[in-house]
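Have a look at the structure that comes next, please.
Each chain gets a letter, A, B, C, D, E and F, in the order it is written, and its residues are counted from 1.
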Amino acid sequence: MTDTPRHDGRTPEDLREVRITRNWLDHAEGSVLVEFGRTRVLCAASFTEGVPRWLKGRGTGWVTSEYEMLPRSTNTRSDREARKGKVGGRTHEISRLIGRALRAVIDTKALGENTIVVDCDVLQADGGTRTASITGAYVALVDAVEDARARGLITADAQPLTGSVAAVSVGIVDGRAVCDLDYPEDSTAGTDMNVVMTGDGQYVEVQGTAEGTPFGRGELDTLLGLAETGCAELTRRQHEALAQTARERVR
Amino acid sequence: MTDTPRHDGRTPEDLREVRITRNWLDHAEGSVLVEFGRTRVLCAASFTEGVPRWLKGRGTGWVTSEYEMLPRSTNTRSDREARKGKVGGRTHEISRLIGRALRAVIDTKALGENTIVVDCDVLQADGGTRTASITGAYVALVDAVEDARARGLITADAQPLTGSVAAVSVGIVDGRAVCDLDYPEDSTAGTDMNVVMTGDGQYVEVQGTAEGTPFGRGELDTLLGLAETGCAELTRRQHEALAQTARERVR
Amino acid sequence: MTDTPRHDGRTPEDLREVRITRNWLDHAEGSVLVEFGRTRVLCAASFTEGVPRWLKGRGTGWVTSEYEMLPRSTNTRSDREARKGKVGGRTHEISRLIGRALRAVIDTKALGENTIVVDCDVLQADGGTRTASITGAYVALVDAVEDARARGLITADAQPLTGSVAAVSVGIVDGRAVCDLDYPEDSTAGTDMNVVMTGDGQYVEVQGTAEGTPFGRGELDTLLGLAETGCAELTRRQHEALAQTARERVR
Amino acid sequence: MTDTPRHDGRTPEDLREVRITRNWLDHAEGSVLVEFGRTRVLCAASFTEGVPRWLKGRGTGWVTSEYEMLPRSTNTRSDREARKGKVGGRTHEISRLIGRALRAVIDTKALGENTIVVDCDVLQADGGTRTASITGAYVALVDAVEDARARGLITADAQPLTGSVAAVSVGIVDGRAVCDLDYPEDSTAGTDMNVVMTGDGQYVEVQGTAEGTPFGRGELDTLLGLAETGCAELTRRQHEALAQTARERVR
Amino acid sequence: MTDTPRHDGRTPEDLREVRITRNWLDHAEGSVLVEFGRTRVLCAASFTEGVPRWLKGRGTGWVTSEYEMLPRSTNTRSDREARKGKVGGRTHEISRLIGRALRAVIDTKALGENTIVVDCDVLQADGGTRTASITGAYVALVDAVEDARARGLITADAQPLTGSVAAVSVGIVDGRAVCDLDYPEDSTAGTDMNVVMTGDGQYVEVQGTAEGTPFGRGELDTLLGLAETGCAELTRRQHEALAQTARERVR
Amino acid sequence: MTDTPRHDGRTPEDLREVRITRNWLDHAEGSVLVEFGRTRVLCAASFTEGVPRWLKGRGTGWVTSEYEMLPRSTNTRSDREARKGKVGGRTHEISRLIGRALRAVIDTKALGENTIVVDCDVLQADGGTRTASITGAYVALVDAVEDARARGLITADAQPLTGSVAAVSVGIVDGRAVCDLDYPEDSTAGTDMNVVMTGDGQYVEVQGTAEGTPFGRGELDTLLGLAETGCAELTRRQHEALAQTARERVR
């Protein structure tokens, strides 16, 4: 353990600079450019009437997500998954994680037979792309729901959102537990954990992995504590962003 | 909460009946048929000299895993992924999880430039296929390493295995925390967590998901406790199985 | 030609040890673990109401099969077809062969608009996987039909099965015609023939291939004779297996 | 059984009109437009120096084939396999069959480390496309070998061809065994058999299938007899075609 | 610039020898073997009742095209797109171009809810395969429309064809503008342009590409003039071909 | 023809508002966010040492491009090509067009054995995505070349860029020729043409298509004139953008 600041000057608890820009796109029902430091993800929520075939006639809606990285979002260029003809395991995994996180705060009954797909495209990657995606996607989701309400596609008093959701990464870097790892930290972390929490401090998802040596219960508890603080701060930022009056969406 | 036994008569802490049959196959360097109740997974460890291109020349080995379910392992038949022309997200996710779990107890330097692939094919599924896979794959891995030692492919004193690894699922079913969920429990669980631990009680992976309502820190702690007990018991079973003299492998 | 026994002590006419274990799986409507010596195939028959779109409304059913080898069923590991994103030519060919063999003894009118898919997954391969698959698949098919009858999905007096079907390989090894080749024999055979016959001694399929030198009519006649004897013996084993009372299927 | 002529006036033994047009293409080392009645297949043999990676350094060559049907070769249009993104089972099966047939008359040692691919593209289909393909492919193969010899790519005295090969279909139509079935016959045949034979009357491949009722040994013998006569006639036609002086190939 | 003849003796304005053979196939509703010198394309027009799902109920028809090259149509063999599992960019591009060209002279209302697919398969390639395809496809399209009229699938007075369409390539070769480039010219052309025109001299598509140095407005004008002359001549050839009485189509 | 302004107030010659933001990304060797009105494309140029296998050892470099639209760049969401498992025809076509445009101003000898891939990802689409891509990609390409020079990967006096390149769309909307069509104009245009020109007014590519009625030579000439003016203005904007001092790239 050490008291020296992190490589970018942060304390262990510090998040990177967080920016949430709503309505970054003109067409999407909800859209957010979310930035965790240099990590930059474009979240676009698309609302469509109707549900996938396997859900038809049950009176419930569906929320899902698709995540993908632009080929040059990273330090060296990666091949496009479309060119390779298949979606990679990591991409699938993160898409599914974001979808589960959003569904944790959605009452699909109240949504009616409607579908919202939130696309999270990573424009630039510097660690924490999945947690930034979840945090931004929630805000885009709120805007898409409100847009649907304004257009009469859901009733005025429907409450499809049962809470808010945010996510942060925590990990053990150089023997010290830190919050919101950037890429240099992430690539050297011994343990890496992504935690998704609701705005009222409940857990939606905990995914901890020992990249190097396995970790003990003590470390796990420290990491959970850091994550709780980080998610609470992100929840505050989401509410701030949503408090601003949205500009009109162009159709 | 309730004191009534689980639907199959188990207490919350009870594992299902665990059977670990070594050398179920004649060709593979290590092979195990692992059963957690009616869940039945065939784990085959294949040792090959050499490593994938991106690892060449570093003097380190590679351990990875591929998981797949037979089409009629489940209650209703699923289409084969080979016919669909792509590996599903869940399949990818579990394959990657098993690989990480095994690498947590492998010293790739000591393995030398050799590769071990552990195939985990689910012959019958009744919940817990990924945790059974990890638990069985470890035993198959040990046998493959010993087979390589016997054939002189690794040196007599090399210690590629730095410990043992096992996994169990825990979850909240009907408001009660229980261990090693079968399919009826798993499909109604509010929270579902897979925990991978080393034989000496350290965490390798924690993956908890709120399927329904998010869970609090108290529930999380209870689940972690149950998982610790379950993994300890599985570790004991692995050692028992490995204590028996393996029959000769047919070449 | 020679009088010395085959490499495993068999006479030219001898089958390997044949084992047919019914109800090896709990979920499938019919399931058989069939073993021809060390060749081990899991046959699972899935009965579903309804037929593929192209057959709808004709009052006839459909029986088909899918064959696949586990990656480490063979002496050295093969890549999974799902990972390669396509089904190989050999896999397709054998799947189609098994399907034709089963349909030769099915009256699709009597089956009604129902579908039976028989999955044949090779757990261990030592030659003759396609003939073992056909022989085991027939037994699984009978069990699936009887299960459907018991559940009232076909009428009590429907006779969808018009006979039995079994298959054996024959070939010229070291200049001598032999029956039921194992892998060492198969890989050195000059001519290799798979013969599928009904229980009453009629031909369903004859597939003979000169791997090395072409063969004459005399050799062909000898091989057909051996196949006839072998199929008759396999028919006897199928009837024996079916004569035992099946244990209850778990649902 | 009946004595009335077949629907197109042929006797049971009659082949359809057979035309073998050499050098139908300007670029290919060997090319043949082969016609069995209205069935029309373009066979193009491509000779290239070198062999696939798995054969390198053994001093032996490789001969293979790819078969495909044009989308409107048939009575109703089929989708292109390239658009579907995968090669169908039937296409794979026939490609493999043609390849085996050609390799039966090739001495790969004498071919040296060279590869010949024979593409068989069905321009029009009216039954017997695989047998026409084999019969035409052999002639294209001979021309490609001679072209290679003329260019000095194989030595002047190398004899890569050890014989000739031809194929014909036979089957039971309306209870009568007939030779070289056209599509109307093929689609109603109870039993359908493809037989590949060398020019000196040996069998290379026998593939008989009971489409409807299984067949007995007597029928099998009758069919084999018809096939022998048909293949002998096709062998004669191949020699006639090859006896003509080939026109110069354009480069 | 130079006054010497082109490498094959043509003047800059000369087309290669053009041959349009109607009804080259027996099954297709319209079929043409079109030859521009050694370039040889088989165009098959398939008429089917009904339209793709996205057009249903609008009372309009659909015309589209698929282009593909046989593997040995070219000087050296190319891999089949079906084997590669995907359609290449160039193939897609040309298929789309042919489809647009044909739709430019089709009144989809007058066609009714029917679909015509024109398959253009290149049997031999020597430059200009896309322009030959368009020129031949138009003739096959006319025949398919007339066949549909004869069968009563469109009304006797419907006029789905609003004009004719043909295409030619032009380019700058050795500093000189020439028409209908063959492969040797095409592969050395500095600028290459494909022009699709209606029979009455209007433009449907102009696609000009500077392969080497960019081109000026003067060169562009010269090329457009050459294309106009070439298309007018091709239009004349199409009318000649269509003036002949078509032989009966075999069903 | 009409004198009323276009739907957004522009004259026929007017471009939309053009914005070229350099260094929008931190990792890429060159990156530009280019905006033509609401059309927004992120162009990232990746410089890597070495060339594709088919170019090795010739001492020349390679420049190529990949274009893709984000799923919600458009008014209604489209499926991801990665999920569909294949790249669509339009995507291929535009990727190839951008690549050709860039190579028209690259001296691959001067580039040495290096590769530059320019990814053009459409973040928002409102017509003209391919022309905006080319215009922005050129600027990113210049920055990537200068970055390589600064890092010594190409020599100080190498001049890989032989000129500049820009592109604009022109078309006939409501009977009037206009420049730089937005989506509402594009979707109703009778004729649509994309023109790629060098900075000194030469043509690189002309692609004109009659979407509705074919067009005459007079209209073609008018459109070419408009395109010339538009490209000249875009060339001016590119130079302006490049005149600004680039900020440091983060590594």
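Going forward, contacts are C-beta pairs under 8 Å (C-beta built on N, C-alpha and C of every residue); 3 or more make two chains touch, one makes a residue touch a chain.
Here the structure is a predicted model, which is why all the values come from computation and not from measurement.
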| item | value |
| --- | --- |
| Chains contacting each of chain A and chain D, listed by label | none |
| Fewest hops from chain B to chain D - one hop per pair of touching chains | 2 |
| Counterpart interface for C-D, drawn from A-F, A-B or B-C and sharing over half of its contact pairs | A-B |
| Approximate Å spacing (C-alpha centroids) for the pair chain D, chain E | 32 |
| Rounded Å distance, chain A centre to chain C centre (Cα mean) | 51 |
| Interchain centroid distance [CA atoms averaged], chain B/chain E, Å | 59 |
| In chain C, residues with contacts to at least two other chains | 85-87 |
| Residues on chain B engaged by chain C in the complex (per definition of touch) | 25-28, 31, 38, 42, 44, 46, 48, 66, 68, 70-77, 80-87, 91, 117, 119, 121, 123-124, 126, 250 |
| List of chain F residues in touch with chain E within their complex | 86-90, 92-93, 95-96, 100, 104, 193, 197-198, 201-210, 213-217, 220, 224 |
